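Before we start, here is the structure in question, set down as structure tokens.
The first chain written gets the first letter, and so on, giving A, B, C, D, E and F; residue counts start at 1 in each chain.
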Amino acid sequence: MKIPYLQKANAAFLDRHVTRASDLIQEWGGESFSGVGIIGAPLSKSSISHSGACFAPGTIRKAFSAFSTYSIEENIDLASCMIRDLGDIAMHVTDVLQSQNRVYETIFRVFEENPLWLPIVLGGDNSITYPSVKGFSKAKGKVGVIQFDAHHDVRNFQDGGPTNGTPFRSLIETGTISGNHLIQIGIRDFSNSKPYFDYVNNKGVTVYTMKDVRQKKMVDIMRKSLDKLKDEVDSIYVSVDMDVVDQSQAPGCPAIGPGGMDTQDLFEAVSYLGEQSIVEGLEIVEVDPTVDFRDMTSRVAAHVILHFLKGKRKSVEI
Amino acid sequence: MKIPYLQKANAAFLDRHVTRASDLIQEWGGESFSGVGIIGAPLSKSSISHSGACFAPGTIRKAFSAFSTYSIEENIDLASCMIRDLGDIAMHVTDVLQSQNRVYETIFRVFEENPLWLPIVLGGDNSITYPSVKGFSKAKGKVGVIQFDAHHDVRNFQDGGPTNGTPFRSLIETGTISGNHLIQIGIRDFSNSKPYFDYVNNKGVTVYTMKDVRQKKMVDIMRKSLDKLKDEVDSIYVSVDMDVVDQSQAPGCPAIGPGGMDTQDLFEAVSYLGEQSIVEGLEIVEVDPTVDFRDMTSRVAAHVILHFLKGKRKSVEI
Amino acid sequence: MKIPYLQKANAAFLDRHVTRASDLIQEWGGESFSGVGIIGAPLSKSSISHSGACFAPGTIRKAFSAFSTYSIEENIDLASCMIRDLGDIAMHVTDVLQSQNRVYETIFRVFEENPLWLPIVLGGDNSITYPSVKGFSKAKGKVGVIQFDAHHDVRNFQDGGPTNGTPFRSLIETGTISGNHLIQIGIRDFSNSKPYFDYVNNKGVTVYTMKDVRQKKMVDIMRKSLDKLKDEVDSIYVSVDMDVVDQSQAPGCPAIGPGGMDTQDLFEAVSYLGEQSIVEGLEIVEVDPTVDFRDMTSRVAAHVILHFLKGKRKSVEI
Amino acid sequence: MKIPYLQKANAAFLDRHVTRASDLIQEWGGESFSGVGIIGAPLSKSSISHSGACFAPGTIRKAFSAFSTYSIEENIDLASCMIRDLGDIAMHVTDVLQSQNRVYETIFRVFEENPLWLPIVLGGDNSITYPSVKGFSKAKGKVGVIQFDAHHDVRNFQDGGPTNGTPFRSLIETGTISGNHLIQIGIRDFSNSKPYFDYVNNKGVTVYTMKDVRQKKMVDIMRKSLDKLKDEVDSIYVSVDMDVVDQSQAPGCPAIGPGGMDTQDLFEAVSYLGEQSIVEGLEIVEVDPTVDFRDMTSRVAAHVILHFLKGKRKSVEI
Amino acid sequence: MKIPYLQKANAAFLDRHVTRASDLIQEWGGESFSGVGIIGAPLSKSSISHSGACFAPGTIRKAFSAFSTYSIEENIDLASCMIRDLGDIAMHVTDVLQSQNRVYETIFRVFEENPLWLPIVLGGDNSITYPSVKGFSKAKGKVGVIQFDAHHDVRNFQDGGPTNGTPFRSLIETGTISGNHLIQIGIRDFSNSKPYFDYVNNKGVTVYTMKDVRQKKMVDIMRKSLDKLKDEVDSIYVSVDMDVVDQSQAPGCPAIGPGGMDTQDLFEAVSYLGEQSIVEGLEIVEVDPTVDFRDMTSRVAAHVILHFLKGKRKSVEI
Amino acid sequence: MKIPYLQKANAAFLDRHVTRASDLIQEWGGESFSGVGIIGAPLSKSSISHSGACFAPGTIRKAFSAFSTYSIEENIDLASCMIRDLGDIAMHVTDVLQSQNRVYETIFRVFEENPLWLPIVLGGDNSITYPSVKGFSKAKGKVGVIQFDAHHDVRNFQDGGPTNGTPFRSLIETGTISGNHLIQIGIRDFSNSKPYFDYVNNKGVTVYTMKDVRQKKMVDIMRKSLDKLKDEVDSIYVSVDMDVVDQSQAPGCPAIGPGGMDTQDLFEAVSYLGEQSIVEGLEIVEVDPTVDFRDMTSRVAAHVILHFLKGKRKSVEI
């Protein structure tokens, strides 16, 4: 029997005329599907510095409930879309490499069953990028990566193994992607080293520093990046390390600093990328809710995803 | 198809040999039941001072997942029990009195369908005590209340209406309970006024101050309280205003101060009360998670409930 | 007898050559007056989400003591002005609608006695806008409202009554103002719903989204807004919901998010509006000091008022 | 004209049947008076470690508004008392010694005009004890000091001058008090040095360590202390360095640590001392609100004063 | 050339008559030594829940500078002792098992070179106990362990490998110690499971619950524990999981809760143990400074070590 | 003997291909040197408001370890430079004026021994500017100062003596510098007073308000400033009061507010100044780490220094 006023614990206020972004998300039951599906990779024991990025899948999902589906600027409403939430990849408590491998295996296995999946991967730290792209590329073929990041993230492996500082070196060294198919945007002063800049240069990686971002229009950088990749790769994966954003706007990343990107530039970039059919994957990494202020950085992450979804809405409409 | 390693989002670590207290709790489906059932009353707009006690039902539930079912001190394991979670009572955004009335109506309606329900009410502020006991007594008959509180909570109604400072005056003035059937334990120095002490005295309320608590053994206070009530009432309801505890041990209450009760005394008291069959209801109020440190006060609340459940386990075993 | 060095408790450091903004403010004694008068409306129990906006009148007043009266950019010194502080409107503890009505009655009563009052209303949450403008318009005649806000705030009333999400619907539906006389500036992506955008559109409301703010010059938006309203209304009331500002610059609002306005744009807007004689009222709402960082958001509020006062200084010079 | 509902800014909730402790306190107008008078000594630039104890006079005063005048344990109501607030002693920004001297001069000057003043001095750091007792003893004659403190506070002067670590050495070396008339209670392990213990021993100081406090009854320590002093001195001054309390109960002192006193013991001590007519002064020092949690330590300070006032109430009844 | 006033960066205030506990500690140069030596094991990636216990070696060392060497209660001054700081064991970024093995190897290697080393191991999480005791016992022979802990920490290995929940199972299963030689003190209600209590029971482990601690005198528990072990083992290692202490006194442990031990009991226990020559090792684990309040829990840790050192001072006097 | 894995306590992660900014810094041994040398002036007892700026030398030094030596934007690597760390100037605990004098004496004495020293002074509050520039000018001759600041800092001395509000008045009144040789950039609305603006005007000081900064290009302001000074002075000293930056980007200054400078503008300015050989000194003041968020403001300070060093790298290459 239904008791009046009794409702599920912790229920939020509902306005009958508002669709919250969180309303789009439905727990995946295991059925075949195509289109956008969110998956959590709550791994941060691979981080060089102490990191609670393992909590970001939870806080980013929660941030969706603070926002609606309607872009008034573009008059686009995502209310008729449906996003599957595949859940989180279970991490091993003490075996970091197995955890990373589980990311790869899980990503690939979902693709195997659902080749038209468009993954939005919620890290976790940046170390998940390697297994995630490895799974992605096994499903998609030749992959290009557009990386928003303050750092090259091509550290050597001797000093600590496959950490959150090494994913792009892993991708290149294993041949998962070609250096020519990697575009790094937002690389920042005093956050990288010359030897690693030389490394990416030698590998043919395209690098846009923050100076480039300040001096060029973001939409032009996007256009040039797409032009470079679109005829050479089968699919493009977008990697957003949230520390690409200035510390004043994304205070909840492990490696914060000044001199970073404005959120508006990042939103414009992912809006543009979302509209490109060749862009078929997105990840957000390095959000650490344990050092954030009022989940600000998770809120930025939710906006990144929503801006990306504007372009992908066709694929997820019910 | 099941994908290896993929699990529900935000899943906690599981140890196959540990039953968490949260594992006992199952969402109620509306079926007839008897025994312990948790219900949230997330109301704190009725508070005199700014209060986020509306969030306590959520944090106390969450605190259960930090503790197990096993009392090693008593060698009692609650693992075979089952606690229903009835959910929360939906509160009105702008009509506080209606919200209070919903508490009454909901408590009573659940009893109407399930007369053998043993409610554990999670406030919310102390204003919910009046509607909660009103619903409880409508179902149970003559009710005695054992109240753990730093304050009498019998303020006048002219100065703000039915607030978190008035519930016991409401109960007495409306005849819901008799003053003789109210026992207040933990009443504290410099936290009350003489006129209100005179009021409860005149109404026949039994008062144990903190001095009494320090000088007598808690189990003796409990025994005397039971002796006083057991032949005069049909049922006893236990009200725990968490601010009865010293500020150093329950820092997350709106009205904190020094000179309060030790948690150990409170645990002994509710352990004793849980064992009495005439005790058929428990509430915890005035936990404000927004000003707490690491949910300490919600953790104390979870322990209060677990100690209470030791005595009630027979009624909730599967 | 005067004891050397003994001064009022909590006195601040004084520099004989500095006039603090707080020095302009004098407690109103009830005498007839004209010109700027600050009034607090410390109501936030009407908020959909938990809000401590009731504390903002206190923190904004306190923020004035951190700033001086001198605009070096414009070489305008407010030092010779005098601002009356009318105090706060006493709120009812448990009757939210009565609290809102008290705002209306008080605003109107002050105007009745002092028709040339120029009110600066310190919320509280946005729900006070309806009673405040109602009192204002009863005194002033046909009123236009220029609203800085991330949200339309025209929610339906069934879902919670007159909350901080409904004030502009209340104003329009009651005919207090015409939709044609409402201008909304800073409306943000993923913070509103299509049905409510349709609603304001149908009512003739003028909407400037954040995209408009980014692409147009603020002074042009102001000019167009004034042009639209000045011949149609008797008086203009400016409503600043502080959440119009980006979360990185106004972190202490209940509904924070990225993609918002820069404080500099807001300062330019209110500077312009302060210079217009038809602008005769200002309110600041939705500052919640309990979740702010170092009262940053109250500091922004103080600057908003000071920039507004530059234009109003003639009316308040001694 | 009086406008309904309009009240002084930041007014607190009032219950007509409750007298708040803060209601007892009235700003002193300079008239002659006798009895209890509070005075703030907001100096902490004299501290060895960074200290915000200068803010404690403000937070302790504010804490009074969180408590009432009624001791239910003793059935003593202070409601008919009146406490004067003399305000704060103005401190020099850059001349610490002058600030200390101002404490001396002000204390003495107030006594000169009002010989029957019973001062309650709100520090500030412990450095104010020397000038305060100097002023007190100039007015009172031979003075004994009962000091609650984790530390001897008899450091040498070469290493930094007259700091918060030296006041009792100053008192003894200047002959302001005799070492025989100083009783130190609560001296703690690993918080002092052997040379300074030898120093106080040589000077005839009576020392009760925390071990003594744990093993003896506080009331016995008090009785013995009074017995020792009462025939030898003209007046007794009580100095409470709040760090005498365990860090878990007084977390807002600069020099916190475990192994300290329970607040209940401190309350019993000052209750006893308040009842002695020879005890004519009280100070509370070393509360630093900037590192406290929810003003807990200021709340303990307010309780210390209230317990002290129980015995002094005759002298301050209206 | 020496410039007046110029000193090492971040130098602390020095009082020539105070020996700080930190003054005892000298960086080890690799020379042969005997007696107390501190070693850090900054590992917390092995923790089941997110833990910053890796930072505790740093904060505990720093806490030493807040305390002196003098126990006034016992009139024991450690000022003439010298404690070597061996530094930290370097942890691998991504290979948790290798990190644990490094603890074992390093502990053993130091013993190999310095058989009379008396190690004080600063964790890190509780997982370090297994490799630490393994190294210790390889050097010492048959080892008994006295464990202060809220938890048995004998979880199964399938659910996550060798975590901070498994160390005592590892010790028993590998035969490193016998269950008969393990004494667990402070085991707490609702923090353990029946199967694991059965496990330790079956293995002959001695268990003192918190009820035992409350009802018996700690010194008696210590005496009985020593009596049980002293003839059966060659050496005793003391393991302090700081979460044995009540959450109000040790708020900075990952697994906090009410119902725990008083610090005073813990100090008495380690004081007693320090005096026993058969006790030749001490570790402190599960202090997480990232969730602590003002390093309170690290301060408790420093006191634990200082109380232990009172008895060991002979071995470390210069 | 070297034990494998044993390393210095609190050692940071090392990547063999990364030079951290902190790696450049070497403790000065007292030998003669030329080029850049960092010196701390940890004084903030001279501040008008409570300030923990005395901790900034420590946090800024620590922030260097979070950044690398490589400016990718300019392809400049500072890895081959060497910066001396001269340590901190020891401050007196209770004698503020002596502390200020020690700054002067120490700066001058270092210059006396090392005339080619290029000081980077880490405050401390702004009061150190006067003694620092006094020492600098005694060594260098006629000095010009380029000051980045929200405030003129030319307060009168009667109200508190030589505080953090008076340094530039001290410099001018003592003739240490001429008003014509002072350029103030970033002076902000409502943060200054007309009398002090008149003062600097009369003294010939050049003032760029924030309006100027917003409307002109920073590089043009720099060029004009250099043009004005270069032929008139022997050397230029750059003073950065971090509160010149907007509160959202430098939240850890005592006197925060909106309307401030963007960090990017500040970085461009100091980059330009670092390239000028006549610029021979830099100071950063008014960073208070005790009120900062995640040392953000110290991170900005570290970037300011690194940008400055790009131009100075020739002088410090090994």
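Just so it is clear, a residue touches a chain if its C-beta (ideal position, glycine included) is under 8 Å from a C-beta of that chain, and two chains touch if they have at least 3 such contacts.
This structure is a prediction, so every number in the text was calculated from the model and none was measured.
> Thinking of B-E, which of B-D, D-F or B-C forms a repeat of its interface, with over half the contact pairs identical?
B-D
> For chain A versus chain D, what separation do you get between their C-alpha means, in angstrom?
Spacing between the chain centres: roughly 57 Å.
> Cα centroid separation between chain A and chain F, in whole Å?
Distance between chain centres: 38 Å.
> Show the residues in chain A shared as contacts by 2 or more other chains, in ascending order.
Those would be 13, 48, 93, 159-160, 248, 293.
> Identify every two-chain combination in which the chains touch.
Result for touching pairs of chains: A-B, A-C, A-E, A-F, B-C, B-D, B-E, C-D, C-F, D-E, D-F, E-F.
> For chain D, which residues count as touching chain C in their complex?
By the definition above, chain D touches chain C via 1-11, 13, 27, 30, 39-40, 57-58, 61, 85-90, 93, 102, 105-106, 109-110, 113.
> What part of chain C is in contact with chain B in the complex they form?
The contact residues of chain C facing chain B are 45-48, 50, 52, 54-55, 92-97, 127, 159-163, 290.
> Applying the document's contact rule, which stretches of chain D touch chain E when the two form their complex?
48-49, 155-156, 158-160, 165, 187-197, 207, 209-211, 214, 246-248, 251, 255-259, 291, 293
> Please output the residues of chain E touching chain D within their complex, sorted ascending.
Contacts found on chain E: 13-19, 21, 66-74, 77, 79, 248-249, 263-264, 267, 293-294, 296, 299-300, 303, 306-307.
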